[in-house]
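Following this line, the structures themselves.
You will see two complexes here that share subunit A, one where it goes with subunit B and one where it goes with subunit C.
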Partner chain A sequence: MTWNLDTIFISIALGALMVVVGGRVARNATDGVPGGFQNFVESILEFVQTQVKDSFPGHNPLIAPLALTIFVWVWLMNFMDLIPVDLLPLIGSWLGLPYLKVVPTTDLNTTLAMALVVFGLTLFYNIKVKGLGGYLKMFLFHPFGKFAMPANIVMTAIEEVAKPLSLGLRLFGNMFAGELVFLLIALLGGAAALGAGLLIWFPLQVVLDLAWLLFHILVITLQAFIFMVLTIVYLGMAHTTDH
Partner chain B sequence: MSESKKPGLLLIGAGQILTSMIVSGFLLGYLLDLYFETQPIFILILGGLGFIGGFLKVYRLLTDPELQ
Partner chain C sequence: MNITVTLFAQMLAFGLLIWFVNKVMWGPLSGLMEARQKRIADGLAAAEKGKHEQELAEKRATELLKEAKDQAQEIVAQGQKRASEIVEEAKDTARAESERIIAAANAELEREVNQAKEALRTQVAAIAVAGAEKILKREIDAKAHEDLLNDLAARI
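Let's turn to the complex of A and B:
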């Protein structure tokens, strides 16, 4: 078994950063006029709260903190993509690390693990809210009615497996592709290692890198948002009895 | 809960629903085949079902979101 220590370390470090900064903001929060950073954190909180209110039926005190954690954590992990691609691996190589994967979400293990946690929670609440019988009934009668039970079981099983799979693969795919584009753009200037004449491509690298960087800010935010929203929606589906 | 917003948000993933249903069909079929040692029966059947199911689900999602 292989352990992706770089992924584990960086994701835990970012999680710790989130907890420490969040804790500090909470400790220093004032009722009066909030400072700039408190304002920023409150706007994120409000944004997530609105999403949960809009797309989650009923009441569950776990959902909003979970959604907030997912949104901020995934965003932070995605944000590592915006640090120059070879900067941290270079520093790592000075410290004796031969290989360093900087963006945890470009590792399928991270995204699938998070998707599996969401899947586990969905299963738990499905069984808790609908009861084991109610959940199994969904497997038996769901897409085609009671006359096609074997097909229903298979179809619903496929559908349930598809949820975490799409959740994990979407985030991984988007982030991996984004990272790859950064690497390819970096190769434009990197080609100068073959000969100084190839430095002619350097201005192109600067322009493309800047453009992709600006666009990627949107991508990382959108992917974090989608992961959060789909988590809320899937858990919301688990909480409705008329599925 | 505003019912109108939930399907709208689900549509974000409509593209991936089709592909992930096919993939999960093949995956479940592969696992069943491993268990029963019946290669390649289940992988074909479940892959096909995943394909049909994916199309059905996306079709329903796009035409009548309230159904989902």
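Let's turn to the complex of A and C:
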């Protein structure tokens, strides 16, 4: 029973931030001409709505808020990556925390939890739309037709299980690797903390850090977007009856 | 890096967050956006309708203008006709009047001429009598020769 309290606390804090800010915007919103921040929030909403409309067949009122939650929450958690790696742990150490993992998406628990929730939803809608029989039939007959039943079962099972796994591991891997690179770049200056080498290593660290930061802005957005789109696509596949 | 009970905590948090986002953010905001879309669509439709109505009104105005022009032309033509009629009438009247005046003048003239002739006649008779008196150096009975004198005066 290990509780990764840092992960839980930061992710919930970011989720709360999202809900509070979004709720305030929604409360003060008008259906007339929207002001600055409302406009921004609405453009995100519209972006998500477009994605859902493009890749989701049929209508399900849960999909759009789910996609919005994933996109914004994952983006916010990924964004913690852009805060200088040692800053929050340092502040934590002043408060008496010996160890602090800042980016919740570098914790496999977070990404797999989200992937599993999505997996649960796909299972639920698969059974709801196709019926339990229909869903099981997909396992029996799906890739190769009815003459290769055992192979079909194995193939479809792998396919179904690979969806949440790849979903969770992709986000985790990208974020973890990104954080690791930030740590390595941060170590550059630290390794030469004493001595004349600092003159070379310190500017190099600044330049590398900046480059990786700029690149990472793209990565965190892209990963949040991929997670969202794949969720929509998986759920859309669950909603189509004939496969 | 191990999978721990955190996984379940995160799953719960994720589920709750979806619910919250739907309730607090997505629901109201998407409702608002739909309302705005509807309002914009309504506004565009109204604008289209207004444009159409304006076109109709313009068409009607052109028709009215044309009608009015036609009427005005008719009225002007009528007026011109009436004016020429009046002028003709006036000319006729004037002609009649002038004829009447000329006739009256002629009558007057004739009357005066006759009067003058009459006067002349009497005077000539008197002169003739006086002349004859002088020529004959004797008294002629005017009464005895009145018929003769009258005949003479009538010949003048």
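The rule is short, and it goes like this: the second predicted complex is superposed on the first by the 236 of 243 C-alpha atoms of A that agree within 3 Å, B and C clash if a C-alpha of one lies under 4 Å from a C-alpha of the other, contacts with A are read in each partner's own complex, and residues count from 1 in each chain.
Keep in mind that, in the parts below, a contact is a pair of C-beta atoms (placed from the backbone, for glycine too) under 8 Å apart; a residue touches a chain by one contact, two chains touch by 3 or more.
These figures come from a predicted structure and were not determined experimentally.
**Student:** For the overlay on subunit A, clash or fit between subunit B and subunit C?
**Tutor:** Partners fit side by side after overlay.
**Student:** Does the superposition put A:3 against subunit B (first), subunit C (second), both, or neither?
**Tutor:** In the superposition, A:3 contacts subunit C only.
**Student:** With the two complexes superposed on chain A, say which partner A:169 touches: subunit B (first), subunit C (second), both, or neither.
**Tutor:** first
**Student:** At the Cα centre of subunit A, what angle separates the centres of subunit B and subunit C, to the nearest 10 degrees?
**Tutor:** Angle at the centre of subunit A: 110 degrees.
**Student:** Looking at A:11, would you say it contacts subunit B, subunit C, both, or neither? Reply first, second, both or neither.
**Tutor:** So A:11 only meets subunit C here.
**Student:** Examine A:155 and indicate which partner it touches, taking first as subunit B and second as subunit C; both and neither are also allowed.
**Tutor:** After superposing on A, A:155 lies in contact with subunit B but is clear of subunit C.
**Student:** Would you sort A:181 into first (subunit B), second (subunit C), both or neither based on which partner it touches?
**Tutor:** A:181 contacts neither subunit B nor subunit C.
**Student:** When the two structures are laid over each other on chain A, which of subunit B and subunit C touches more residues of subunit A?
**Tutor:** The larger set of subunit A residues in touch belongs to C.
**Student:** Thinking of the overlay built on chain A, is A:213 touched by subunit B (first), by subunit C (second), by both, or by neither?
**Tutor:** So A:213 meets neither subunit B nor subunit C here.
**Student:** I'd like to know which partner A:114 touches here: subunit B for first, subunit C for second, both or neither.
**Tutor:** second
**Student:** Let me test your reading of the model: by the given contact rule, A:233 touches which partner, first (subunit B), second (subunit C), both or neither?
**Tutor:** Touch status of A:233: first partner only.
**Student:** Subunit B and subunit C, closest CA-CA distance after overlay, in Å?
**Tutor:** Least C-alpha distance after superposition: 15 Å.
**Student:** Under the contact rule defined above, give the subunit A residues that sit at the interface with subunit B and also at the interface with subunit C.
**Tutor:** No residue of subunit A touches both subunit B and subunit C.
**Student:** Which residues of subunit A touch subunit C in their complex?
**Tutor:** Spelled out, the residues of subunit A in touch with subunit C are 1-4, 7-8, 11-12, 15, 18-19, 22-23, 25-27, 29-32, 34, 41-42, 45-46, 49, 62, 64-66, 68-69, 72-73, 104, 107-110, 112-114, 116-117.
**Student:** In the complex, go through subunit A and note every residue touching subunit B.
**Tutor:** Those residues of subunit A that touch subunit B are 54-58, 143, 151, 154-155, 157-159, 161-163, 165-166, 169-170, 226, 229-230, 233, 236.
**Student:** Where on subunit C does subunit A make contact in their complex?
**Tutor:** Residue list for subunit C touching subunit A: 1-11, 13-18, 20-22, 24-30, 32-33, 35-36, 39.
**Student:** Spell out the part of subunit B that touches subunit A in their complex, as residue ranges.
**Tutor:** Answer in residue numbers: 1-2, 5-6, 9-10, 12-13, 16-17, 19-21, 23-25, 27-28, 45-46, 49-50, 53-54, 56-57.
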